[in-house]
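Below are structures written as structure tokens.
Two complexes, one shared chain (chain A), two partners (chain B, chain C).
And now, the complex of A and B:
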């Protein structure tokens, strides 16, 4: 029997309820229009000019992003619930929607110049890319388990096809198949967890999920373990990371960048929202359930172990990689580990830190995959040997890549440093407040040790670029002005965030529902960058 | 014992038995037929639980759709029925140990969890309420599923197309 018999409403009231808050759907309807338009217009293009439809996709992203920014003040004031409470548009979901759109915009621009995709029909490609973005946005906004699972599946389905889009390349098809098999298993396990959850709670609403905490710990833990399979698959966290290296390597490079940023962020966004009531973080309207101490500890231990395994495994295996895409795959696994580690802190500061970190991570990863694509276009290889002596080929390119790598290590001055700093601050703050301080401190130490390990392979690439002569076997890399400009912009952004991080901390603070900080009146220019106030990203709880 | 309970145990025994055949059968065609019985009996269990719509859906989708597709797949990929695809004889104890472990955990949960219960005396037909729910509470999910299907169709049509069209 269905829980909660259907509401008996008059037809009129029912229609009105369906249309309530409909205005918040505009950004997403623009995306849907973009998907359909791309498909239809593509039919009237010859194969050679199929790339033209990317303009429509770009416009759809832009239009959607613009209308989302218009929505931002509204949701900041008060979250919009719509579609019989199936979707919530609060700063959290709108921030992630915007994040996905910007990343997709960048991926589309890089797809336009990709040699791996050249000469193919691109209509389906862009349609699927937009579908995936829309699903990712819905995943971050869904309030019931049905929609959550459905958008999860749609995101996966489109990603499978995108990963194998170069269908005449053996590695591409192989990676796509691996992705499908892994994804099917992961989502099957998650679905089983969801069904158990429904059985225990008797409701599909996300806000009722925390009631699960009233169950004995064995049931609770099993459900969490099963659900983590799905979330970890999207985050590419251990033990559901096996697909990542192969898929990252086999997929066309723009798709790889997309998977490493949008797909991963979607996994984190949905997990952050799902776990918020249990972790005691009041993410906007969600009620916080006081969880029994031992249950919370069991859950945190599960995350603790996952985080440690994920970052250590990612970094150790990355040490031995010679293919840049594979290396970045393992590095992205490691970064998922750092962010999982921050979530163990289960406070507001952790949520803010993860949002901040994701922005820094996205800039670096999108930039590096684009750089790999640029180098591959000229040298025809994704091997690290392609980076050798790059500084002689194009100093701007080499310098930008170095900055982006520097940020991934997490050394100052870079956005990555600030991101890691805030992650650690969240953990340390929780450690100070907690009676089991070492639980958090040890995790910080493990993360620091991991950063040191990662230093080795990131610096290795910088060393190759700067201190070696270019291989005479490979052609010279001559990036176009646009490519150099794009990468230099990414590098500049990385440094700019280090110098002036206030806007981004404000944004991450607003996106996770902390009170927007009272801005100091800037009597002179330096006020905004006074360290003590800025450093405390998660001052208030 | 009342009639419903007897029917349940008979169905459950048949499901487990045919699932066992599906796992242990040497020939994949036999396994597929055994799966057919297992899925069909599951529909019976749904019917016993007054989930009439679910029971019909189970028959239509799993028995009518997926299994027929599976059989077609076997028949079309095998040149002749003589060279049957057989499952390899691996040591069973690893699988049995894992399956037993999972079963123990699930049983522990079954016993320890307090499941919300509902009296199963007079339950109304579920099809109409489900339809209403799909257009009320789950209307976003319902509409969104069209996007899921569109994505799947685009992807499938792209992947199976042999040549790039002009």
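And now, the complex of A and C:
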């Protein structure tokens, strides 16, 4: 009976493992309950009071987020695998789930006051929003090609409907249709890539795909290119960005904010996870398979070109925009380019940097879309002219917007600066370590030059707000206290991250798998054995 | 602590000004004046304390990244702080009547601008330095863009685009050194002193220096990247021009001294011929173009380019005389050109034009103003008795030590300075009155005080240059450029024998001073 001991232990362990699995699934179950509850409760609501169901959606987000924070220490210890390894809950996916939930929470809050959505039945809206968030979270957690595709499609389908939610507005419908057409093509290409991949690997698990990467084959590169179509569509990276400006402009503003943050982040999250083993980044349990040098370089070159095109195109076209939502659409394309550029560095630092950058980007973008919504509510226009003389209408609003824009330029003191800083550190790190250093340095230079270009249009808005008197044709903008408070908080957060970014880098480090945050204390004055290189004039020999 | 206080006082002042704006315009002015005066007093305190050794203030900021709030004042930094705070007081005084619109916001920006500048001068942490560097952009952008003159927006924008465009190269260079140091395995650090110990190969240094140099050259501004300066100066309100000319341009030179040269000393030496050539071109170009201007402020702006050429020239000839001359010129240019910009602003406020061709015969209406203009114009051309004379002398002497032809070239440029300075004075104060300037009032009391402060400073430096040169040696300043071609021993020996070139013999006084300073630095070790 000695051999019985391990058996009972393993049984116990498996029970424990199952319990852990349910524990890990709990936040998502709350979300599902929230979706159902929103739909059911909405049946019993009159149309006028439909906005009430937002409370349920908010509560679902909150409950889910709280249970995710409880889950965090568990997965930091050891990732949880669920559903025959189809889902993995590691710090990476839990972080992104949490990120999506916080962003969704903010989007729901802004939707409540949106004039574009006023007077509509909101049950489906919130249900779709939560569904999209749920699928985005699963997208970040999927380890299985089928689940990956299913989550991808669920996210897309919910987004299509959300984009056209104001169905009596022509541009809303138009944008939704464009979105569907582009999305269908992109996901079709992606599905083709996935089926090829299955044919090559004979398994649906990402782990097996990673093993495949170690064998040099050109068809694998072809698969990567095909899959990039889907990822780039979600990231709104060139050449799958065409939907972004129209959809961003046509969709109700809260939905635009949602697409620019959650949908984009989901695209990046799934790409980061998918590409990690091939790029040689050990993202938790994943086996790192060295891609053959030539293949890796080919893939990196592809990313390099995509990144350059994306940021340059986004910034150059943004220069000519007069509609704030369109402008932010192109700006968000450009930001996707910066993050893609960091991924070219294919090291741990790059992954951390992208996570950090996303937080900075999300604060600024959610804030700016909300500001656009607030101005639109009073002035009835999304034109940049609506920003004219805003500092006279509401100094707090104008100052907050200026800080958020400043952060998107990447000028200190702002979180955006630190985000760019870490992106570039990752690239320079790789450049110093690599034999093809200029491959990385040139990319940094291009990204920096792009920041200068972007200065032009971001500052253009600040200029409108500060340098001109308000237009007499438009009504005065009188934001509510809540709106001002919210935006001021976003601005304060942006500056606070610059002043103390340690918690955020610790978080991004934990989320991408460096278990022990490096805490090397700089050796001030301790290394005095080497004489200073710079001597006083009188000391020169 | 006193260093942190310098900055905290200004930040508190900015908040107070914003609050005072709700009460009255006068309250704002007085608040700003008191705050800047307190800051000036603190700066004087720093300048006196620094004689006992550098003042250090260090707080851990983000230890795991090697970033710390490290402020340090040595002789050079103390001088620059003093200059900043003096001009800060003057800037408030001169805006007394000029700024009528949104006066609260103006003073907030003015104080924040000084915060950025002080951070740059005090920071010994590269990240902090960069923060301060970019922090200077925002306030000046708004000061020019909101309170400037007719073409203000374009000028503000050009200013922002140029300086930001330059600073991205600087950021890249700093990043490179940071990552290189990180790879040494001693943990990351932004301490400039630690970064300077990173062993960089010659080609790495070359690139690092190039990056930093582009960033600083735009700010100085050196010859090919100067085009933003005339616009920014011309369009800025008087206080903006004053701070811009007086201290902001010096941050570029200061950055070269503090960052570029220590981080890449060999590259600095390799670049020296190019930089010397650029600064000589700048000296002549600035002077010639200044002479051709019809706009009062534009003329002074171009003269700034010429003067800053002298500063950079002195810095890169690589000897003590040149270095001291460069620092002297930084101070003098701040005071003299500051004075000229004040007068430009004062005249424009009354005459509503800056066109030199419509002025003339103003002395009759405003003799005090005329006297001040005479003084500053003469200071600008380097008349003995003012600091500019000593500064240019040092730079020229330093250049002669490097090469006779270069020295002669630099010396000749002083003639050009005379041409435009006299043109400026004559076309405003002398000659027939082109217009009946009936309502042309002479100086107000606050304007006289502002101009008087600058005058006293210039004369003090002129008569007793040790005021500036001695503090440079209070701490054994390790960050003096090491581009020396002429070993210091030779200079010392030759100075003792009094057997340098004819020019330097002519200025034996300056060299005896130089000699003493070297002795002081030896004694302090």
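General observations
Basically, the second predicted complex is superposed on the first by the 492 of 541 C-alpha atoms of A that agree within 3 Å, B and C clash if a C-alpha of one lies under 4 Å from a C-alpha of the other, contacts with A are read in each partner's own complex, and residues count from 1 in each chain.
The rule is short, and it goes like this: contacts are C-beta pairs under 8 Å (C-beta built on N, C-alpha and C of every residue); 3 or more make two chains touch, one makes a residue touch a chain.
Everything numeric in this text was worked out from a predicted model, so none of it was measured.
By the touch criterion stated above, A:131 is placed in contact with chain B alone, chain C being left untouched.
In the superposed pair of complexes, A:18 makes contact with chain B only, with no contact to chain C.
By the touch criterion defined above, A:196 reaches chain B but does not reach chain C.
Once the two complexes are overlaid on the shared chain, A:396 sits clear of chain B and of chain C alike.
Once the two complexes are overlaid on the shared chain, A:147 sits against chain B while remaining clear of chain C. Shared contact residues on chain A (touching chain B in one structure, chain C in the other): none found.
Within the complex, the chain A residues that touch chain B are 1-2, 4-7, 9, 14, 17-18, 32, 35, 39, 46-47, 82-84, 86-87, 119-121, 124, 127-128, 131-132, 134-135, 138, 144, 146-147, 150-151, 153-154, 157-158, 160-161, 164-165, 167, 196, 199-202, 215-216, 218-219, 222.
Considering their complex, residues 61-66, 68, 130-131, 134-135, 137-138, 141-142, 145-146, 152-153, 157, 160-161, 164-165, 168-169, 171-172, 175-176, 178-180, 182-183, 186-189, 191, 193-194, 196-197, 261-262, 265, 319-320, 323, 476-480, 482, 484, 487-488, 518, 521-522 of chain C touch chain A.
Listing the residues of chain B that touch chain A in their complex gives 50-51, 105, 108-109, 112-116, 118, 123, 126, 129-130, 132-133, 136-141, 144-145, 147-148, 150-152, 154-155, 157-159, 164-166. Partner chain C is touched in their complex by these residues of chain A: 406, 411-413, 417, 421, 424-425, 428-429, 432-433, 441, 444-445, 448-449, 451-452, 455-456, 459, 463, 466-467, 498, 500-502, 505, 517-524, 527, 530, 532-538, 540-541.
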